[in-house]
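The structures come next, written out as structure tokens.
Common to both upcoming complexes is chain A, partnered first by chain B, then by chain C.
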Partner chain A sequence: MNKVADDSLDKKATSKAFNRDKLLSIGVPIVSVLIALLLGSILLIFIKVNPLEAYKHLIFANFSNPYNLAEVFVKATPIILTGLAFTFAFRTGLFNIGGEGQMFAGAIAAVFVGLKVGHLSPFIAIPLCLLAAILAGAVWGIIPGILKGVFGSSEIIVTIMFNYVALYLVSYVVDKPLREASGFYPQTDLIGSGAFLPYIIPKTRLHIGFIVAALLVFIVYLILWKTPFGFRLRAVGLNPDGAEYSGINIRKNIIISLAISGALAGVAGFTEINGIHHRLLDNFSRDVGFDGIAAALLGGASPVGVFVASLLLGVLKTGANAMQRGVGVPANIVNIIQALIIILVLAGNMLKPKIIVMLNRKERGLE
Partner chain B sequence: MEPILKMVSISKYFGTFAANEDVSLEVHKGEIHSLLGENGAGKSTLMNVLYGLYKPEKGEILFMDNKLNLNSSKDAIDVGIGMIHQHFMLIPVHTVLENVIMGMGKEKGFIINQEKLEKEILDIANKYGMKISLNSKVSDLSVGEQQRVEIVKALYRGAKLLIMDEPTAVLTPQETEELFTTLRKMADGGMSIILITHKLNEVMAVCDNVTVLRDGKVTGRIDIKSTNELELTKAMIGRELSPVSKDNACCKGEKVLELKDVSYVDGGGVKTLKDINLHLCAGEVLGIAGVDGNGQKELAEVIAGLVHATSGKIFLGDQEITQKSILDIINMSVGYIPEDRHKRGLVLDFSVSENLIMKDYCKSPFRKKVFFDFNEINSHAENMINKYSIKTTGRNAEARKLSGGNQQKIVVAREIDKQPRLLIAVQPTRGVDIGAIEFIHKQIMKAKEQGTAILLISTELSEINSLSDRIAVIYKGTIVGEIDQSQFEESTIGLMMAGIPKEKAMKS
Partner chain C sequence: MDNIFNITFLVALLSASLRLSVPILFAALGGMYSERSGVNNIGLEGMMLVGAFAGVVGSYFSGSQWVGALVAVLSGLLIGALFALITVKIKINQIVSGVAINLLAVGLTSFFYRALFGITTTPITVKAFEPINIPLLSNIPVIGEIFFRQTILVYIAFLLVPLSAFILYKTSWGLSIRTVGEHPMAADTVGIPVSKVRTICVIISGALAGLGGCFLSLGQFNMFVDNMISGRGFIAVAAVIFGKWNPKGVLLASLVFGVADALQIRLQTAGIAIPYQFLLMFPYILTVIAVTGIVGKTVSPRALGQPYEK
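Let's turn to the complex of A and B:
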């Protein structure tokens, strides 16, 4: 057998298989979204709404004016960040379901600092708020990390439980220690305007938090794939035994990973407080942490995938309101569609090996 | 006598790559026929053709004088061809009985006639002297027992020809012995068996005839009685193996490794190492022989720092390393080829180039401040792939996609290329083909010449004998005795491996 020819053939076969892999990993989410919309339309028919009409509002309303378009990015911003948080831990073999709680922790810290230093120059106030949110999120992540690394407790359970601790901590904070001066609503006073995030486009709510999120997409990618530090984390995630054998300290890396993951979610608290609400209130931005997990699953747990998936979720969330106004469909129907997308993506990923086997069989000349 | 199976001029192409070219195979009734060849020689392709998983481009299959047109494995099973894969196809949570009858439609409605089926199955098992407990769960069985279940399963489906894919790869020597006895009985009872393997001693021990494949073509059709291992090797790899040359004289360097009364109690409270005393000099190979599971793994891990000795002391040169971390020990120039390359030696989802820097990713030249220097990493990878002839589609291919031998070459390249002071090699050639074994042995010998002290832990006596200067035998966590390679007698070592002290073993 000619060795050179053999090698080039091998390469050809592999690149074919490789392209197929890539095609499927992009194809599955797209097909899932389409099927979910189809299933959603059945639901709409049941409540006697023309699905085409409804979807027209759901999707195209976003592009009808600059405000709505900007709103897509506004909604996507915290989802990108919590999605990155989940992705970061996932790549190191951990399931951080606590993005929601870590975001709340970050928000509390950002408000606290914002109230204290908000009267100062934005160049001082904003970085301080960001730093506080990062630290608080990291603390909220490192505790489950330590429990996992040192005692081996499941990070899934602990991070879920920590969501509730943070949620009720927010309720307490806005009820007692930081309740607004007038004492009327359970919310804090507005933070100083020096800590407000500047808007990118005038007359919209799009603030520089989006740029922070986009930068972090790039930074997370660099850390995970271009540095020895990320190499270590990924090795632990993919094969802890192999990592240990290579002299990598598994416990330490688990703790570091969850701390960074928490910090990323903490930044979402910062963008929501300093960019949108400008104060802490009960039940703000509910479920953003879980939307982040959805975005990570949809985006194949890659930073760029998270970015794209978050924008898609942003479209759905903004469009939902337009749909409610336009055809009187409850905005919650979008949550159903979102859930369907997730189920379908997971199902698609389960089927992926089977699809590949099927294609291979075809190639072998059977059937 | 007319053969039961005739495969005539089978050709199977993948694209334009010929996995099988004009391959013919004849198997007679009551014969154990070996299909011999290295990994990638086309054995599996040929058997998959026979089992209906691939369709050949050319050629025909005659089975009991009928021309076969197979479209799936079900067709093959229906005509009486059974295959036992290397990885068993059993459902662990089901009982043996349930696994045997699975998918045959033997149940009437929802009811299984337990007694009748039990009797049928036990009749088959007893005929060939196989002990089998029908009501145990498969997950409770040993690997050897699971294999028996697979054989019974195939026989119960009326197999007249049994294909066995590397059946001994997962068995202990004793289980192998038992399997061969069973196979012999089955052959004497009229079954035909095709044994796929690349182990020559097995072929010589149990087979009647052998067909040798190389690069997808038949290179020999040989009667076992008229051949020897040398001839088979030649047919298999196309050349003679050059024996590993060894120079026993160079083993009097400085002392590199010393273990003093080292004991280790594992997590379950079992004392897996008991008062081990060993020493090892630069440029010397110390072989540790023993039956698998007698403390070899723990011995390697205690030295490499993966676990810490419960008592005793370990010295590297004049430094004590007993309680040092894995990383410290790596940085003291200790290489370690672990027993299980999938679990320890590699990160299978990492690329070849990433795996090659698993232990140096943090050091220069691969790192430039906080980032990797990918130019260095890539050229390092290319370099190693050429130097150690690692067959891969490229440095960015996942390690998972490589064959076992080439995966092992990655580990060997990474551990040996740095010319470590001490190399711990545990089963360095387990599950790799002859060509790779030869290559890895030569690399180990080269390291020895360059002054590396080598601790070779292996269950393959031939490997121990051909590489070691001294041989120590381990049994139940203690060193039974130590002998010079010049005194090597397989029978002596064999007795010592069963725990009989050196003096007694030498006498008998």
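Let's turn to the complex of A and C:
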């Protein structure tokens, strides 16, 4: 096939198809959310709740007062970070299912440092906690990276297993070495107030961790799409054989990618500890790692997409509690809706070429 | 402290190991079918959760643990069918699909549990499977206690191993499964319906994982709690790899994980100085060691993870 001739002939058609593709990449998620809500309403009818009433709480409770609105961003913050973590590895052809564990590792480090230096000035204490969380997350990510790079072990299995190892490590840390001075609950003492993240809006829980997350969205975009380093990483993801042929060290890239991915998830541990809980406790922020994967898939594994999708998940999570209080619907229904959205978005993306062909055919029929 | 490793301890340990390996064995055998046909299934965790929940619901409303197990298998079939639809038919990435299925399972089970039994309740207890003493055999000292005083599901799980080996290696069906997983295009050329074989294998994996889940809720704990699978499905995925994708290997791997789990519980109660959390990590670390291939290189089915395009 003569590609050049094809291109010049179909320039108009191509630009149209390009627009259509763009339209679909926004349309698919929107339609998916709507279908998921529709399916959710069947469940609501099953438990004899008026879906409209329930969804009114789910969506609008978030905007009823500044506190709730801020909660959307509070809930979205760690999801953005674990979402970026998944995205970063995914773009280099790796599946990091271990965001949860890397977040826990970051949290342990942040608390450890926060307890030691929390009495100092925030300008010293906060960056030190952040640095500790980044390092711990990176360590938790680089181990699966090394195992993958050296032994070829599936990073999927290893990162999943490391989630549980980290979970029990948190449980151990709050049970024994860092248990609170009174020894009553399995949790650490509060970190020093110097390590507390300042609030952005008074009388809400919205802390500057959100700004850190937003900055990282931008930074991850820059690294992956605007630097030669990011280009190499993505080349490994797009075509490992081609990348290797062109002289890129694949093993090294795998290890670096998972280390950075882990570091990003580690920052989520920092924002959760220094911004919200101010101490480490058993079972804190469970499932944030998996929510991050959801956000990444929903957002098409692009940093900005992750950001938007995380806010959507933030809306659902905050609204779910309001819905449970308001109409007695178990808050867990949003987990179902969330999973359905992911499946529908992915299915929509897979069917996109077919949809485009269908649209084209229709158009030709009209001409 | 030094006499904990006596014969009573060992019998109790091995008996518990056998029991604890069963949910992993069920799910791993299921995962083996799926992966042998070329479909990665990390949704085993969610499928087990659905089975655990469905088992409790079935047993609660019918008053029979048998109905519970049947409902668990049927629910497993359904969630397996959904997984097959999105991975084999729509061809969504299999790992991502697995993550989605797991999220869906967590949502579905915790939502319906509350919808059926109320938002704040103590876990309901249901009629569960009781150990069956096999006549004569159960009276053999040591061996009888370890092997022949278990619940019916334990016997079923272990019978599934030779049965699966027979299906996989001695029937034309098994040959189809293996061919589809190794070389789908060749299979297609000789007229084996690739998508159909894969769909059936994934559905089998759902049913078996469901049975494994219901063993936890109806054979071990007699109740359902949120997230009660807590990683066993993922360990089953590892057992498939560790067991090199064949029934005998999967059995051995499941037993190894069962022993690790049982040992962890015993050592905890025996007051060993190691913090119990480290013992809890043991099965997961063992899995990591298993997939490094230090204990022997593993070769996966060649078409594993790749959707088949005609």
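Simple rule for what comes next: the second predicted complex is superposed on the first by the 353 of 367 C-alpha atoms of A that agree within 3 Å, B and C clash if a C-alpha of one lies under 4 Å from a C-alpha of the other, contacts with A are read in each partner's own complex, and residues count from 1 in each chain.
Criterion: contacts are C-beta pairs under 8 Å (C-beta built on N, C-alpha and C of every residue); 3 or more make two chains touch, one makes a residue touch a chain.
If you're wondering where the values come from, they're calculated on a predicted model, not measured in any experiment.
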(request) Mind telling me which of the two, chain B or chain C, contacts the most residues of chain A? (result) C
(message) Is A:F229 touching anything from chain B or chain C once the two structures are fitted on A? First, second, both or neither.
(response) first
(request) For A:K22, decide between first (touching chain B), second (touching chain C), both and neither. (result) neither
(request) Figure out whether A:H119 sits in contact with chain B (first) or chain C (second), or with both, or with neither. (result) neither
(request) Answer with first, second, both or neither: which of chain B and chain C does A:A339 touch in the superposed model? (result) second
(message) Under the stated touch criterion, which partner chain does A:K252 make contact with: chain B (first), chain C (second), both, or neither?
(response) neither
(message) Contacts for A:G242 in the overlay, against chain B (first) and chain C (second): which applies, first, second, both or neither?
(response) first
(message) Quick check for you: in the superposed arrangement, does A:R325 touch first (chain B), second (chain C), both or neither?
(response) neither
(request) Return first, second, both or neither, reflecting whether A:K176 touches chain B, chain C, both chains, or no partner chain. (result) second
(request) Identify the overlap between the chain B-contacting and the chain C-contacting residues of chain A. (result) none
(request) Spell out the part of chain B that touches chain A in their complex, as residue ranges. (result) 14-18, 54-55, 57, 71-72, 215-216, 304, 306, 325-327, 330-331, 336, 338, 343-350, 354, 358-359, 361-362, 366-367, 370-372, 393-394, 397, 401
(request) Give every residue of chain A touching chain C within the complex, in rising order. (result) 43, 46-47, 95, 97, 147, 151-154, 156-158, 160-165, 168-169, 171-172, 175-176, 287, 290, 293-294, 297, 324, 328, 330, 332-340, 342-343, 346-347, 350-351
(request) Within their complex, state which residues of chain C touch chain A. (result) 42, 86, 90-93, 95-97, 99-104, 106-108, 110-111, 114-115, 119, 230-231, 234, 237-238, 241, 275, 277-278, 280-281, 284-285, 287-288, 291-294
(request) Give every residue of chain A touching chain B within the complex, in rising order. (result) 1, 5-7, 9-14, 222, 226-229, 231-232, 234-235, 238-239, 241-249, 364-366
